[in-house]
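Two complexes come next, and they have one chain in common, chain A, joined by chain B in the first and chain C in the second.
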Partner chain A sequence: MKRPLAVFLPFAVCVCLLSGCWSKKELTDLAFVIAVGLDKTEDGKYLASFQVVNPGNVAGAVQRGGGAAGVPVSIYTSTGDSLVEASRKASEKVSRLLYYAHTNLVVVGEEVAREGMDGVFDALERNQQFRTTARLVIARGHSAKDTLSVLTPIDKISANKIIKTLEFSELAWGQTMNADVWWAIRSLASPGRNPVVTGVVIEGNPKEGKRQKNVQSSVPDARVTLKGLALFKHARLIGWADGPTARGIMWVLDRIHQTNLTIPWGGKREAIGYRIVRAKTNVEADVKNGQPSILVHIKAEGDISEARVPINLADTGVLFRLEKQFERGVKQEVAKAIETAQRERTDVFGFGEAVHRADPRLWKKIEKEWHDRYFPELDVTVTADLYIRRTGLRNRPYIEE
Partner chain B sequence: MLFQWGMRRQKERMNDGVQQEGADHSGEAADVLEEPLSPELAVNIDIIRRATGESSDIVIRRFSLGQETQMKAAIVFVDGLVDEKNVYEFLLLPLLTASFPLPLEEKERIQWIEKKLAAVGGIEQVSDWKRLFFNLFSGATILLLDGAALAISASTKGGQYRSIEEPQTQIAIRGPREGFTESLRTNTALIRRRIKNPNLWLETMQIGTVTQTDVAIMYVKGIANDDIVTEVKKRLARIDIDGVLESGYIEQLIEDQTFTTFPTVYHTERPDVVAANLLEGRVAILVEGTPFVLVAPALFIQFFQVGEDYYARFDIATALRFLRVLIFFISLVAPAIYIAATTFHQEMIPTQLVIAIAAQRESVPFPAFVEALAMEVTFEVLREAGVRLPRAVGQAVSIVGALVIGQAAVEAGFVSSAMVIVVSVTAIASFATPSFAIAISARLIRFGLMFLAAILGFYGIMMGLLIMVIHLCSLRSFGVPYMSPLAPLIPSNTGDTLFRVPTWMFRERPRLINQKNIVRQSGGQKPQPPAPSRQEKGDES
Partner chain C sequence: MESVKINARQLFVLIVLFEHGSAIVIPLGVDAKQDVWIAILLGLVFGLLLFFVYRRLFEYYPDQPLTAYLPQIVGAPLGKLLAVVYITYFLYIAARVLRDFGELLLTFAYPETPLFVLNAIMALAVMYGVYKGIEVLARTGELFLTVLYLLALAGFVLVFVSGLVDVTQLQPVLEEGWGRVWKTVWTETLYVPFGEMIVFTMLFPYMNNPVKVKRVGLGGMVLSGINLAIIMAINIAVLGPDAVSRSSFPLLDTIRRVQVAHFLERLDVLFMIALIIGGFFKISVFFYAGVVGAAHLFGVSSHQRLVYPLGLLVLLLSVAIANNYIEHIHEGLKIVTFYLHVPLQVIIPVSLLVIATIRRRFSQPTK
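Then we have the complex of A and B:
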């Protein structure tokens, strides 16, 4: 009885002590990479930028010793043939271990996106620290490094600024998309869908944006702003959709939460504003005689947000006519978006997936040529039902006839 | 030096003669005491004097019995243990004023005296010294007669006791304000007042070979499990110790398992809690000289129950139960989770929070574990100091402590404010645990879990908690599984664990404790609004 115990005990102790979380790291030994940027160097290598949080300088930290407040983030760059190589190489420059579990943003430079970003995501998805819930944006016009270098007021960490802007802009306006890495990977992996990713531009002078001075001014020299949706064909960026076209894409993707539409009325352009508060889009595929067609049905509810012409909003007849008008406006946006995508020969709406669901056998046959042959000629019918639920706090506008 | 001193003491003892000779650990004094009482009064008085080392609180009063006979007699009592008014009015006075009829046989004479003393009560004839001294130190007055080889002991217990006050340890907002005192008799009375039933049985014994402390066990015959009563008696009978100064001595000698941080005997200062436990079939052990009454068998969940749970309505009681279990858990693992999360699982903390914590830790020169350990130890030191110090100084300690822990340490950058928050939350949680006995076991385990968290992270915490749960499940209290009615699961008793069901649903007593008489109350007692009376119905139709 005693012998087996004596043999067993050391093993039991070893199992307890040698397993478990061996990778003990103190917080002060970690460099929290909050955003990763990807560019190409002239000789074709990756140029990775890491936005590392400088915890001592983030608002909320206890200020000690009266030292001048520094910048909340610093950017480290390194080059390599692959993202992992660049990341490891960066340890030559960073005093702490790069830690990716809190990386919430990936910025891909436009150049990299145009050449194809299919090789980028594998490293991100495979790494156990990195989360695919990190947001993805394309640096439009500038390099990812410059985009990450711009210091921002309010949200001190510029990655957070971009993430929050993505989030709330999608909720309130709907012309940009709060897409994450997982969404991009999913779209890339699906033969019936291509990714769309929001673009980010720098307004102003990127060189000035790097300095602390940038956040000390009420009108910063450089500002990071969302602009448009990047249309991808497979992994390559092929074009941009801006303004109402971008919103048309968002309509079809069923990612409109709230937004504002204006329509002409009584001969005046942009006379009546309509605020959508609830929206739902259904995409269905129909296959007849081996010919797929798509039906997009949009249903939305909202309020009158603005009336700049004399109008009697107490009259239901007027409201019905308004609803029809709004429906027309939405349908126009969507039609424009579909037209753009068809011209670019990339199905960013996932219509292919709808066809796949409707007729899997047909899909197997046309899958290969979907984007180039079938999608551009696809017959898409858009219907919209918009309801005016409220007219705001008043009926008649103060403008009299 | 010490050795020499010891030797000298030894010699002195040897030379000291009769009384000290043959003294064993029980401190029984002398050979003389083994012998019966002498018929001569002077000899008896001399023996008492020498046996007690002529202690000044032993009062010996010689007098002559009766007005005519002038029979020599003496009373002996211990000053402070007796009610002196009683002694003089009801014992001495009747004897002094009585006329003694002559001549009488010794036997009749004793009977006559006993009759005279009827006003005092607790009359007992004592013929051996052991009994005599026991009665004497229990507060009896001993009457010695010349020519009789026996003494009469009369109960004159009295003296100063703390009066009944509000309990210090288990304070209730709603519930009786009485707490136990140091007097065994007061305590039994407090319980009897609550259970007016002849089935409430009380058995008294003396434990402690030197102290001869009164220990009483109390149970409700017919509700208490006979096996457990027998077991309690057996364990008490087995105790051979020189002194019992507090019920803690008894607790440690009768508990099922010594090597555990969890208490397997419940103790309380509240008579209502004891009464409730007796009604559930438990056995109470009362010890003279302490307000803490032991209750056995104890279950783990019992330490999360308080009297107020039953006095308050069930919904709030249930919510508070959950809160208490949560509190216990927090006081157990809060620092460990902080250590594990900040050194192993940084990915689990929300980004904003981890950056905030990292910012605070920038200037902290210690690893998280050392920081946490230092703060916890500091807190324990402060707490211990606060408990032990005189009240006036205690306040100063808490101010210094608050400054040291709260402000100076953070400002100096030795510890992070997050750590201060964690330590404070832990401390408050450990104070909020209803039973001190379980709170201190959490205190000990906490350090173990912190250590495990420091080397193994969450894996270590889980391992520690698993070991703890396995250990808890292996514990027994007087043969009853400690974790019951949760493990083993007894569905009909789970209404008083995490949940406290409405009072009318408390149909059964704990099954494992009672086994036989388990029905507590009849069913169908759910209160309802009054049914519409017949007359009203008639009016309607």
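Then we have the complex of A and C:
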């Protein structure tokens, strides 16, 4: 009696434990959604676009020089009252199960953003497959669907192209922000901060962009390009900040890593270039007599990158005056950014959070009216300390007086 | 009682693993918002006071577990009744932690697996461990504590290296004064995990060197308390108080934020390992205490004979105690705390100590 049981039991246990995962899915049954786009249809429903990787064509396209192979990504769209509904409904079109663990990009259409992104992110942060480290951009001027449809050279998967551009443009230039879904949720949830999100535009003809032909030309018919920062008021997009204003916002948010400033010198506009290699911004709030004020202090160091007028860079006195001039330039950018935000009545800098830290009691009282009443009137002082450390491989430029 | 003994290091390891147990993964004391680390440290301080009560009781009865000296302190009928209550309590908390464990895995890793299956697999491992006895558990613990610490260190380094820590999120400190912090201490952090040290009154008699119990318990609790406070502080610094209070598992969110050099990311598995190690030891310790208590009380010769029936009971209980996760958490934070933790961790042990001290004082001259 005992022997058969002793033999049977291990078998039974093995069958139970070794039979594989409970809800296993084969790799060939999964569609890897690399980017999600969100638009509105005319009847007010969500139009979700899913950029799905076409695995055979990603590696193959590189080997075959991008010629004969098919497109590396495929776009599926579906409509629904909510994001999850649209995603489930997409199963009618996709031959595989949509799999979100590798979704790295979320594109929100400008229209959706203008109407308000209130509930958009809840499904994303609640779902265990999706990761809130996915990047977030706003499709500016075009729909999210069109933006995701454009095929891109070099980085074949256009979502990866956008992500890498976001990353390196923030590192090198600093007029766009590499923000993720997490950042947006955190800013939306905080009463003392509103989100800013980078915009993405299509340069060229989006109709041509989705054909393979687009990547067969050295100058593609359509290109996806980053452009400006979208200013949000709570969940609604209310305006755009471009160029130096956008960089001013990035300065205050302490997200400038490297960038290049140009200032006039000796009567010539854009004469001297300054390459920043390290920067740090401190934001502090000060409360006097129940009146909050903000102090923004910027510290940066870098090199001279360009000198297009005759100037003696070997002279410390000149360098000192240059530093002052660059400081003025930075302060102007920042002041312009703050002015823009105050005009739009949205605190995208997190000054409210700084006031909260400095005086929690005062904050409790003004929290509700912060963006509309207190922030636009807020007294902000900007100071900057910029240091020129080196002048590159040359001291004086070759242009003589 | 088993006749085996464990040494000081093994008891220390068990205490540390037990205290970390589920406390590192659940949103412990998040009602205190950014001051949660203060609430945990205060919970530790008062938890240490409770520990001194438990240890003093052990000093009075150095070779008996709690359920054995209860009848000696308050008399047989009441004492045995209390012993039954404690045994039930230990088994119930074992079932609760088992449920916690199953719910956590279900929520983020196995959404399509039935709860019973996950709980059953864990319960089988726990039953096997407890069947083998305390020494085996303790030795396993020595092995796993190393693993847990290596993971924790790796996690720390990665979180810091990826530049996620923003200390300003811990400010303003004591935003709403001490009130919110004390409330969290008295309703949460004192009992879980520090007051739960009551279960170790069942394990102290196994120490081969009873003098060291004080130092080992103190060391284990202080180390765990500081670790938990640091972990929660890092959670807040990475996620912000709002996200931490909305998150089902703050530590999981923190780990998911890590992105280093484009390949050290998606480290959820670190969290899973920590969860399984901690969960296993917490359930095992509670379950073991319940089983040896029952064996002793009902005069069963070997505790091993009770492991499988009681294990099945704990498994079924873990599935049956609540309809959903919200109900389970509500029971845990609002009901269990006031009706079970407060009387069984604080009121009864303290009164026991008072009675025992009085008894000794008056029985001294007759000796």
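Quick note on the criterion: the second predicted complex is superposed on the first by the 371 of 401 C-alpha atoms of A that agree within 3 Å, B and C clash if a C-alpha of one lies under 4 Å from a C-alpha of the other, contacts with A are read in each partner's own complex, and residues count from 1 in each chain.
The criterion applied here is as follows: contacts are C-beta pairs under 8 Å (C-beta built on N, C-alpha and C of every residue); 3 or more make two chains touch, one makes a residue touch a chain.
None of these values were measured; they are calculated from a predicted model.
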| item | value |
| --- | --- |
| Chain B versus chain C as contact partner of A:T132, first or second or both or neither | second |
| Partner chain(s) touched by A:H356 [first = chain B, second = chain C, both, neither] | second |
| Touching partner for A:W182 - first (chain B), second (chain C), both, neither | second |
| Contacts of A:T346 with chain B and chain C, given as first, second, both or neither | neither |
| First (chain B), second (chain C), both or neither touched by A:P55 | first |
| Partner chain(s) touched by A:S23 [first = chain B, second = chain C, both, neither] | both |
| Comparison of chain B and chain C by chain A residues contacted | B |
| Which superposed partner A:S78 touches (first chain B, second chain C, both, neither) | neither |
| Chain B/chain C common contact set on chain A | 17, 23, 101 |
| Touch list for chain C against partner chain A, complex | 107-113, 117, 121, 168, 171-172, 175-176, 239-240, 242-243, 246, 253, 256-257, 259, 265-266 |
| Chain A to chain B touching residues, read off their complex | 16-17, 19-21, 23-28, 30, 32, 34, 53, 55-56, 58, 60-62, 64, 99, 101-102, 104, 129, 157 |
| Complex interface listing, chain A residues touching chain C | 17, 22-23, 101, 128, 131-133, 182, 185-186, 189-190, 353, 356-358, 360 |
| Complex interface listing, chain B residues touching chain A | 340, 342-347, 351, 354-364, 367-368, 410-411, 413, 417, 454-460, 463 |
